[in-house]
Amino acid sequence: MNGVVDWLILHSPALIIAIPLLGAFLTILIGKIGPRIRNVFVIIIMAITSFLILLLVNDVFTNGIRTYVFGGGSTSIESSYAIRILFEIDGLNAFIAIIAAILPIVAIIYSWAFMKEHTGLDKYYTLILLMTAGMLGMILTGDLFNFFVFLEITSIASAALIAFYLDKQNSIQAAFKYIVISAIGALFLLFAVALFYGQYNALNMAVIANNISFTFIDKIALVVLFAALAMKAGIVPMHMWLPDAYGRAPASITVILIGTTLASLYGLFRVIFTIYGKYLFSFDSTQMALTLGVLIIILAVVTIVIGVFMALKQNDFKRMIAFAAIAEIGYMFLAVGAALSTYTFERGAAIISASGQMALKGGIFHIFNDALDVGLLFLVAGAVYYAAKETSLNKLGGLARNMKYTTVFFLIGLAAVSGLPPMNGFASKLIIYQSMFQINPLLTIVAILCSILLLAVFVKVFYSVFLGPKLPKFSGVKEVPKSMLIAMGIIASIIVFIGLFPNIFVENIVTPATNALQNATSYIGGVL
Amino acid sequence: MLEWIEPLIKTLTTDSGFWNPLVWGIVFIISYLVIYIVRGMGKKEYKKDTGQTQVFLSGNPEYDKEKMHVPGANVYWGFTEALKWLYNKFDKMHTGNVSDYILWFVLIMGLFLVIMVVI
Amino acid sequence: MTEDLLISLIHIVVPILIIAASIVAIYLKDLIAAAIAVAAMSLLLSLEFFILQAPDVAIAEAGVGACLTTAILIIAIKSTKRMEDEA
Amino acid sequence: MTMRNAAGVIFFAIVAVFFIFSILSLHPFGDFGEEGDKYYLEPKMDDYIIDNAQNETGANNAVTSVVFDYRGFDTLGEATVLFTAVAGVILIFRRLGK
Amino acid sequence: MAFYVPYIAVVALILIGLYAVVFKRNLIKIVIGITFIECGVNLFLITLGYREKSIAPIYTSSPGGIMSLPVPQALTLTSIVIGVAVLALMLSLVVHIYRHYKTLDARKIIGGDEE
Amino acid sequence: MSGMSKIVKTITSIAFPFVMIYGLYVILHGHLTPGGGFQGGAVVASACAMIVVAFGSIWTMKKIKENQLSILESIGAIGFIVFAFLGLIILFDNSGIFFKNVFANSVYLFGQSVEYASTTANINTAGTLPLMNIAVGLKVIAGLFVIVLVMAYASNKIKERGD
């Protein structure tokens, strides 16, 4: 028994990708037998994957960095070149992988009832599994070209799923915009990878990070990588695809889309802090990190402001949440920018200052909270759409009487996303505010004001969807089926748990992730 | 005996402050009790099957349900109206044209290239 | 010596032809013609790959780029609109 | 509209200039330089594969051995991309095809 | 010595593609532009792997000697297949857009069934 | 597209076997000569696309259903991932690893070893590589063919409905 578990842990990095892929290939065949068997099969596959992820994450948090070389053989030659593709998992990967373990399984459970009436479900579930595999590949890989390949898998699967409601003009155009954006982002990423390859003859992140010398080419590659990944992560002013895609996709898909966006954000973190980390935090380039940090802070503030202000104006439930999600991404960026712009020198080595580190911790924590909070809100929006067949805030009203559980879940999501105590959003935002206050009080003021506005946004939703007089149009509305309630319940309970005991989470998971992010040397040491 | 609970109730410390949901919860429960007592005091005067239960709109009769419904677009009307100049600019930015999305991408890339490489 | 010169010449001429074909493909208003230009560009690119000692990629580019891409493009153009509208 | 185009042209020029300079500062076309050159690059990874591919994988074609052995995982991803695209196209045309 | 002509061609292809995406209004032209960017990046990878007076890295045709680098070729193969996959999906969506909007003008593909 | 003139059909049916054979050759000899699963698959798929263009998508759809092709593609993909799994499963001790080329330099299937810089084209080499080539070839043929077929058929339907 112990041997099997050891074997599973040893090979979990490969199995985490291979099992969803195998499941996706088999789903088409199994779909011929019957829908019920297919649904059960997909849930089982996803459950195994999530279980393996948790095993791997647990192993990484206890035993440190893991590498997995595909095809066997030695990790590197002459301890300076990695030949084969390898996965390298440190605290940061593991942290993001937890999100990727939670969101897809919730989405699949949710889809059971939510998608029941539609055709083409074989392909739907296949694509969900592929999207999950792509997202996990992006998160776990230690090879830049491999990252590009998985990015493409994720984008293609997402685009096809965004276009799921074929009869709606908006979903088709959103899918087209999304695929154009992703294709161009991915191609520029590939261009940057080629620049690295031409310079160092290496594709492995750790090897590139070890060799990086910040020449003219490296600076250009940094900018290209930053722009491409920031576009995929939805930073203003490259965010316009996001409300379209989030708002028009089926709610179950949107939940996974949040995960893919965060995977792009993870790629950005990896590029800035690991690949360029060795050079950005050194004496020769004080100007460089500061410039990048200030630029990121400016973008982040613009992101928060535009996201919140646009959200306030929207009259479509899902579009509104999408703009709120953009604002949430701004908070993470704010933390990163703060960390980059405030590092100090100690004994010849550059380290991020204490307040910067705290901000980074808050930002990383906020990634997790954002995924859960926004995901829950989208699931609620989907439930409302399922019950009332309507997403326009102008027409909805008075649903609280008929949909009690959904209302409760919405309130939990509202409190969490706008940072009301005692939900998880408050804990991470508190850390960000307090650390930002030491860096620049003005930023804190903007952040807090926008958070309040975010609360106002969701109060508007709460008022216009759930409160108000009972409309005769929606008198026949019933509570949504059990599988959707279970899916929302899982996320809501995690939110409440983290909200009540933030300390366990911060100490055991967020702090190792933050340390891993700052420690490029140990990431390099994992390979070479 | 209660060792397992210790890590749960630890305080989350930030650089200059702390956050403990437990303390917050106790305060919340106390204030809830106070509110409940105050509400109970008012509840005594409430009588069923009288005019008290009806909606009071300055003495006018209650409107139709459909008419009472305030659509979402009207909720922050004053706010959006006051900041119309800002919203006009934002609306101009969100054209919805794919080419513009890519143009923004090129713009940001060019800007960053100039700032990062030249400076 | 002359062989070297010839190879250098090919390395100069083929990329220029590729660029020319791509400009033509963007310029043409008739989308079917543009698709043909894309096919021509793909073939030239495949030739360039062959000259750059990558026969594997050349076969793939010839099969995918010149044949399948064009087929898909033409199918899509036939089911939509043939001419690009004037501004 | 004209402002958009003007901004587009200006930033296009900037991006073009930087890209051209970035590419020109790589090693020259077909020339990896010699030791001491500024742009000298020793392709260790590829030389290792060229020298050892036959022994390790038994394939005469080094490209195939890279595609399926050294970077086999990429190829799995690539096959998955195609699979995804097929599933996507069938999904998108699901009602028209019937 | 072919100077830098293939490198210039790479940048030219990328920029022509980007030009088509940003300034052309027809969706099919936009798709073609993306194809060009992809071709440019592929050519870049292969160009990086070319060594002067080298042979293809296939031992069946010749024993040893200077060989061009095999890794970029493998990467390009992957990239080509990814390119055709993306293209197929994009064009399917274009067909659907035309079905819904009866136009291929990128400026008019906005909004939609908000009732 | 509803098929082209008789000349095109005849030429296509003459050319089809040759292209097909070339494609299959490229797939099978992928580890010896330029080519492999993708390249050969693309060549065969372009031959199939030729058939679709010449004979029309409706005729082709009657001969072979998109469902069958989709299943064929799934089988190819499963085959590929199973060959990748072989490295993990056959050597169940700790030396097994995902994507390990287990058959290379063994005596079994495709397992003869090759000297450095030898030019002999021995097809019985390269371990799992030829098997993977075949699986990927099958997958690519089915995948690209089904893309062309479905798109052609659907656009035909859109035309028919008279948009």
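Order of writing sets the labels: A, B, C, D, E and F. Residues in every chain begin at 1.
Note that contacts are C-beta pairs under 8 Å (C-beta built on N, C-alpha and C of every residue); 3 or more make two chains touch, one makes a residue touch a chain.
Just so you know, these numbers come straight off a predicted model, no measurement behind them.
Q: Can you list every chain in contact with both subunit A and subunit F?
A: Touches both subunit A and subunit F: D, E.
Q: If you average the Cα atoms of each chain, whose average lands nearest the overall Cα average?
A: A
Q: Averaging each chain's C-alpha atoms to get its centre, pick out the one most distant from subunit E.
A: B
Q: Would you mind pulling out the distance in Å between where the CA atoms of subunit B average out and where those of subunit D do?
A: Roughly 46 Å separates the two chain centres.
Q: Provide the C-alpha centroid distance between subunit A and subunit C, rounded to the nearest whole angstrom.
A: Inter-chain centre distance comes to 38 Å.
Q: Based only on mean CA positions, could you tell me how far subunit D sits from subunit E in angstrom?
A: Distance between chain centres: 10 Å.
Q: Any idea how many Å lie between the Cα centroids of subunit C and subunit F?
A: That pair's centroid distance is 24 Å.
Q: Give me the residues of subunit A that touch two or more other chains.
A: 21, 25, 28, 70-71, 145, 149, 152, 156, 159-160, 163, 166, 176, 180, 184, 198, 216, 220, 392
Q: Return the residues of subunit C touching two or more other chains; collapse runs of consecutive numbers into ranges.
A: Subunit C, residues with two or more chain partners: 11, 54-56, 60, 64, 68, 72, 75-76, 79.
Q: Hey, what residues on subunit F touch two or more of the other chains?
A: 32-36, 38-39, 70, 74, 77, 81, 84, 98-99, 101, 117-119, 121, 140, 144, 147, 151, 154-155, 158
Q: Inside the complex, what are the residues of subunit F that reach subunit D?
A: Touching subunit D from subunit F are residues 30-36, 38, 66, 70, 73-74, 76-77, 80-81, 84, 98-99, 101, 104-105, 110-119, 121, 125-129, 132-133, 136, 139-140, 143-144, 146-147, 150-151, 153-154, 157-158.
Q: In the complex formed with subunit E, which residues of subunit B make contact?
A: Those in contact with subunit E are residues 95-99, 102-103, 106.
Q: Going by the contact rule set out above, which residues of subunit A touch subunit E in the complex?
A: Contacts found on subunit A: 145, 149, 152, 155-156, 159-160, 163, 166, 168-170, 172-173, 175-176, 179-180, 183-184, 187, 190-191, 194, 197-198, 203, 316, 392.
Q: List the residues on subunit F that touch subunit C in their complex, please.
A: On the subunit F side, the touching residues are 1, 26, 34-36, 38-39, 42-43, 45-46, 49-50, 52-53, 144, 147-148, 151-152, 154-156, 158-159.
Q: List the residues on subunit A that touch subunit D in their complex, please.
A: Counting only subunit A, the residues touching subunit D are 21, 24-25, 28, 70-71, 73, 77-78, 80-85, 119-120, 123-124, 126-127, 130, 133-134, 137, 145-146, 149-150, 152-153, 156-157, 159-161, 163-164, 166, 195, 198-202, 215-217, 220-221.
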